[in-house]
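In the two complexes that follow, chain A is the common piece, with chain B as its partner first and chain C second.
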Partner chain A sequence: MTNEGSKLNKIGNKLLYFVVSTLVIMAFPVILTIQMGGKLLKKDLLVFKNKEGEGKVRKFIIDKWLGETYTAQNNRVFVYFLFPALGSFLLFVALPFFQGLWFSLTDWNGLNTGRESFIGFENYRTIITDYAFMYSFFRTVIYSVLNIIVINVVAFSMALLVTQKLKGKNIYRAGFFMPNLIGGLVLGYIWQFIFNKAFVEFGGALDPSILINGDTALIGLIVVVTWQYAGYIMMIYIAAIQNIPQDLVEASKIDGANMFQRLKAITLPLVAQAFTVALFLTLVTSFKQFDTVTSLTQGGPATQLPAWIGSIYDKDLLPVVQSTNLIALNIYSEAFDNYEMGIGQAKAIVFFVVLLTFSLIQVYYNKRREVEM
Partner chain B sequence: MKKLLLAVVAIALVFTLSACKEDETTLVIFQNKVEIDEVLRDYAEAWGEANDVNVEVKSCGGDTCAYGTQILAEFQADEQPDIFVIEGMGGYEIYEDKILDLSGEAWASDTDLEFVVDGTTYGFPVAVEGWGMAYNLDILTAAGVDPADLTSQAAYEDAFEDIATYYAATSGMADYAVVSMAAASGMTWVTGLHNFNGYLSAGLAYTDSSVIDDVNAGIADADRLAEYANWVELLFTWGDEDILLTGGYNEQVGAFANGEAAFLHQGNWTDSSYADSTFEMGYAPHAVMATGNDSIFIGAPSFYVINKDSDSIDEAKLFLNDLSSTDEGHAYMVNDANMVPAFNSVTLVPSTPLSAAVLEWNQAGNAYAWWQNDMPSGFGMDTLGPIYELYAKGVKGVSGGITKTEFIAQLTAEIEDLG
Partner chain C sequence: MKKEKIGLILLEVFAIILLIAFFYPFYIIIINAAKSYSEIITDPLSLPDNIFQIFTNAKEVMAKPNINYFSSFMYSVIITLVSLIAIGIFSAMAAWVLVRTKTRYSLIIFMIFLSGMVIPFQVVMLPLVRLLQTMKDITGIPFKGTVHGIILAYIGFGAPLSIFLFHGFIKSIPMDIEEAAIIDGCTKSQVFFKVILPILKPIFVTLLVLNGMWIWNDYLLPVLILGKGSSVQTLPLSVSMLAGNYFKDWSLILTSVLTAALPVVILFLFAQKHIIKGMTSGAIK
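The block that comes next holds the complex of A and B.
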């Protein structure tokens, strides 16, 4: 057997272990159920014999978890039934996450799988010196802030509109929601055509196409994503607005409150919960924006690095960067165009930490505004 | 329940076992061009009957099947292919231990495009692809331009001017493009790889890797770069603005296919778009240097290699030799698979126009090499491509663009960063 062959064998073995362990974990409750003949509990099932309680803690553990008592057996069965969910969580979320952490510390390039070597924090050092990544981050933050504001304002306005007494409001709801059913990639191509071919016919600011300038391309992206996503967020607001108790609204009307007073004093505080959810969703999807920008602009158009970022990295000649190369796109091309899986993974970890921080802060502040009823 | 499970497992086992049965005289070809799967199958079957070998063709490629991943599984599954495909140096490095030395094979003397590492031949060129300035002969003739003269930047400039004058003088041709060139974000493979390859190989012998070696070592040749930048400027100046700044592949090739562009900066893979094109076309060289450009860029994108651990090495070698030397092999490559064979003994001419032109240039020995894939991955498309886009804006006077001096400075800086 050659070297390569045994290496390939190793990969195969890993795969086999993975599949078998998945199957075992998945099959466990099934086997259990079959064995029990459909009953939840069978006497003496998997009993840990010879366990006796001495001392309070030990007695508690044995009575509740390890012994022959009804409670203990029942509790154990609950644990067994956790296995599929827990197993899939471990296999598909926890394990890849920690594997990713490990890969971010290696020189893995996708081809040297199994032979990658540990290089400490070298990848993270590379990221810090990477002006293009810094620029991507900066653009992503700008995009996200604008996008969150625009989507939520549009979505909330639409929600207010279609919760009024309005003829055919169900049609409007369905209509506003419809773009969300179109895939982001398709949408990007369609709007690319609209911006490049249709809008330029109007002339003025729309000619030449807004997609050839970095800042207007970002606005174009926000327009497309809002068009797609606002309908979805609108649904969340509609649900919240419909949950506002009508007696409050009626009481305020009797008190002579006008529409804006009602909006300010009743609607906004009572849909604060929906704001938490909607802001969280838009924050996360904005930061992770990938499909639409891939097809709409492919990361472009090109532009020169802003002078202030250039000065941080001590660049006399400002390098050329891609102006809508949002962070997810940057990570993707690092990993799959440059075959720098390790660096890509490290970028993804940095991204994860930042996104986690932002969303925790956002949820914390939004929660404080929620009203208990 | 138990019985059902048992039955399912048993059936699965039977299938797996029967699939594992191996025939000793089998020759397995695992290749990545799904579009030629059927014709290759037919050819291989006929060849197998004549030579008493059971040839099995497996194809994996396109959007639905990742060849690189699948081949690992094929090796792993103990149904190892005897002939498989690598796409140059990257693939060679992965499968180095698996690839048989093919030095001294008869077909190697019939081609200049075999895959060679350190003087040892490893790969059989599957097909040839090439690009240059594809031209619409009807427009050129009407404008009084002879494509044979197009060997210098001055000649191109005159030709572009003549064509523009012809457009202006002819009604209905106001929207026609002189050059259909694309430099937008999605087209950086055209600029950063194909166009930049001119800097890497123009005017050099086919195996001369001095410029690419310098680039990879971080050394930029200022004079050569300046000469090359003149050519880029020429292309961008005469390139149609919409196609140049916002166009994609369809717009770029579409304009040429409709007969609305005199020149197209693309390779012979665009042939599938010309089914309805009525004009004659051909290739002229890129005028990367001021004068003396006599070749178009020709290379082999993929190679057949033989598995070192194969049980049917002799059959595999015979298969490749027959493919390159027999009439049946030639007919399969040219007529059935619509490929441009890399072999000089082939006398058949592809029915598709640009492929025929590539074959002609190749057999005349007028080829510059492909070095663009020897740059670090992502360098051409992600690093150089955006610089071209900005320069295109500069040439067209769109805000945010850069000048020729800046263009050269940016290219130089990025090349020097590689060192």
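The block that comes next holds the complex of A and C.
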């Protein structure tokens, strides 16, 4: 009997939560109370409204918010319509962002929630003296640079290929785009299988699996991400290439320019805007890489800290570090494996500042190279 | 002329080879999803002996008690659909009033939304988890591990880009249409729902695609808000639960991976044009 009772309770709870959630999501609490309240008070309100001009405040409220005037309607709609999006944005993005600035200055460690104390820039000092974070930063930069180059070269070549007069160009486009539909996490598992089980059957350099060595694992990650992302970037380049005026191409053909000359003098300058976008996108996604690397390598395999980083930190015995532990993963594990939330948050803020700086520099330099059409 | 033709044929052949290389991973997954575990270990490259093994595998995945595959599939669908609709309508509403109200405030609010686009999720995630806990302590309504919690978070995180795209689109809609509707007796909110919303359809589809791909495949937000192994799970979470064990039963993992990817791929085959257009036009702006 008790069992059944608790089951019913559970179902009841679920139903309740569902109803509550739909109400909350539809932002009913505010809109409904205002409107229902308005209806209930309509009589009073009419009296209220009819006594115009009594007192400045009352006049202001009626004219600007409650009345049927155009301004009042405008103001009401402004608030109602803005509320759901702005409210959830402020609550779930803006507020945590500012809270995070504060938390990075405290010794919040996951266990003393609410009792953490201000410790100044101690967390940032810890980060700077943390060789593992420095290493993961270094690996992320290497990975991002290689990744950006490889993805863009592959994507641009594919875009050039499928904008030729090929018979099945639409099929190729869709086909190259296809891997992009699959999420990073699922993709990581797929490729883990392929690297560890399928490719080793071919023998040669692929046996043993390339995921067991730190440097080849990074290359493996780049292969996976390129496979996923190149098709997407390709689409951006295709759009740009198709926007090149055909008469320019025809004129250059008549003047006797060959394919490479045309590529250099016409295509590359005219798709410069797409390069800005594509480089920005690849930079940001490479830096934020989390899903694929969690499922493909879990940050591993373990390897020795490079001697030059060791010498900065005066380590005679080089400690063991995780070779594909990219920054995003490092932040996550600092927070949820070590429970050092304060340090994790400080790392996240360093990460944010670096990413912002890099992408601003990149966009600034690329913008200068763009050609106005 | 002839030389050019030979070049084209060579390019065509090259493109086909590249396409086959691109599809090779899919091929490996599909043939191995239809094998038993021992079959995969002995020879992952051969064709499966018995195609129908895939149903046995699927049944086994469904039957796993701590994975709850079917319910996580349903939760994935519900979360994605509700978030998509909510993000779309709320962002359109917000963008519309921001465009049509030309005051200092609307510009400032728009700028606040835009600045949200540069904030990486990693900066927000730790305080967010804590905030959800605090919200439960204050209101008594749980936000962690619940559907409404994650949907609200998706609205917050999806709003900036969506508002940005809607904002650009609404600016190009002439004011005359709205004025005509008001003269015909529409109230302000009717103008939006009856006149503007239908015009927004193309950009709405773009956003459905962009946000849909993101939410369906997202891993980090669900793992933080829902948590692995709780009663509400999304597909990426249950795939990672299945694959997270030390003993990797690849036949089950690959089957579950296949079912997680399949809905999107099928959708893609039907709405290819919309999806490609949606994803790229979203990026360029």
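Keep this in mind: the second predicted complex is superposed on the first by the 279 of 373 C-alpha atoms of A that agree within 3 Å, B and C clash if a C-alpha of one lies under 4 Å from a C-alpha of the other, contacts with A are read in each partner's own complex, and residues count from 1 in each chain.
Basically, a contact is a pair of C-beta atoms (placed from the backbone, for glycine too) under 8 Å apart; a residue touches a chain by one contact, two chains touch by 3 or more.
Since we're looking at a predicted model, the values are computed, not measured.
J.: I want to verify the contact counts: of chain B and chain C, which reaches more residues of chain A?
T.: With both complexes superposed on chain A, more residues of chain A are touched by C.
J.: Let me test your reading of the model: by the given contact rule, A:Pro301 touches which partner, first (chain B), second (chain C), both or neither?
T.: first
J.: On the A-aligned overlay, A:Leu166 touches which partner chain: chain B = first, chain C = second, or both, or neither?
T.: second
J.: Is A:Ile212 in contact with chain B, with chain C, with both, or with neither (first, second, both, neither)?
T.: first
J.: In the complex, go through chain A and note every residue touching chain B.
T.: It is residues 2-5, 8-9, 11-12, 34, 111, 196, 208-209, 211-214, 297-304, 317, 319-322, 333, 337-339 of chain A that touch chain B.
J.: Once bound in the complex, which stretches of chain B touch chain A?
T.: 1-2, 72, 75-76, 90, 93-98, 184-186, 241-242, 245-246, 308-309, 376-378, 381-382, 385-387, 389-390, 393, 398-400, 402, 409-410, 413-414
J.: Spell out the residues on chain C that touch chain A in their complex, using ranges where they run on.
T.: Of all residues in chain C, those touching chain A are 8, 11-12, 14-16, 18-19, 22-23, 25-26, 28-29, 32, 40, 43-45, 82, 86, 90-91, 93-94, 96-98, 101, 106, 109, 112-113, 116, 118-128, 130-131, 133, 141-142, 146-149, 151-153, 155-157, 159-160, 163, 187-189, 192, 213, 216-220, 236, 239-240, 243, 250, 253-254, 257, 260-261, 264-265, 268, 272, 276, 279-280, 283-284.
J.: Across the complex, what residues on chain A touch chain C?
T.: Residues 17-18, 20-22, 24-27, 73-74, 76-78, 80-82, 84-86, 88-97, 99-100, 103, 113, 158, 161-162, 164-169, 171-186, 189-191, 193-194, 197-198, 201, 227, 231-232, 235-236, 239, 274, 277, 281, 284, 287-288, 290-291, 294-295, 328, 331-332, 335, 341, 344-345, 348-349, 351-352, 355-356, 359 of chain A touch chain C in their complex.
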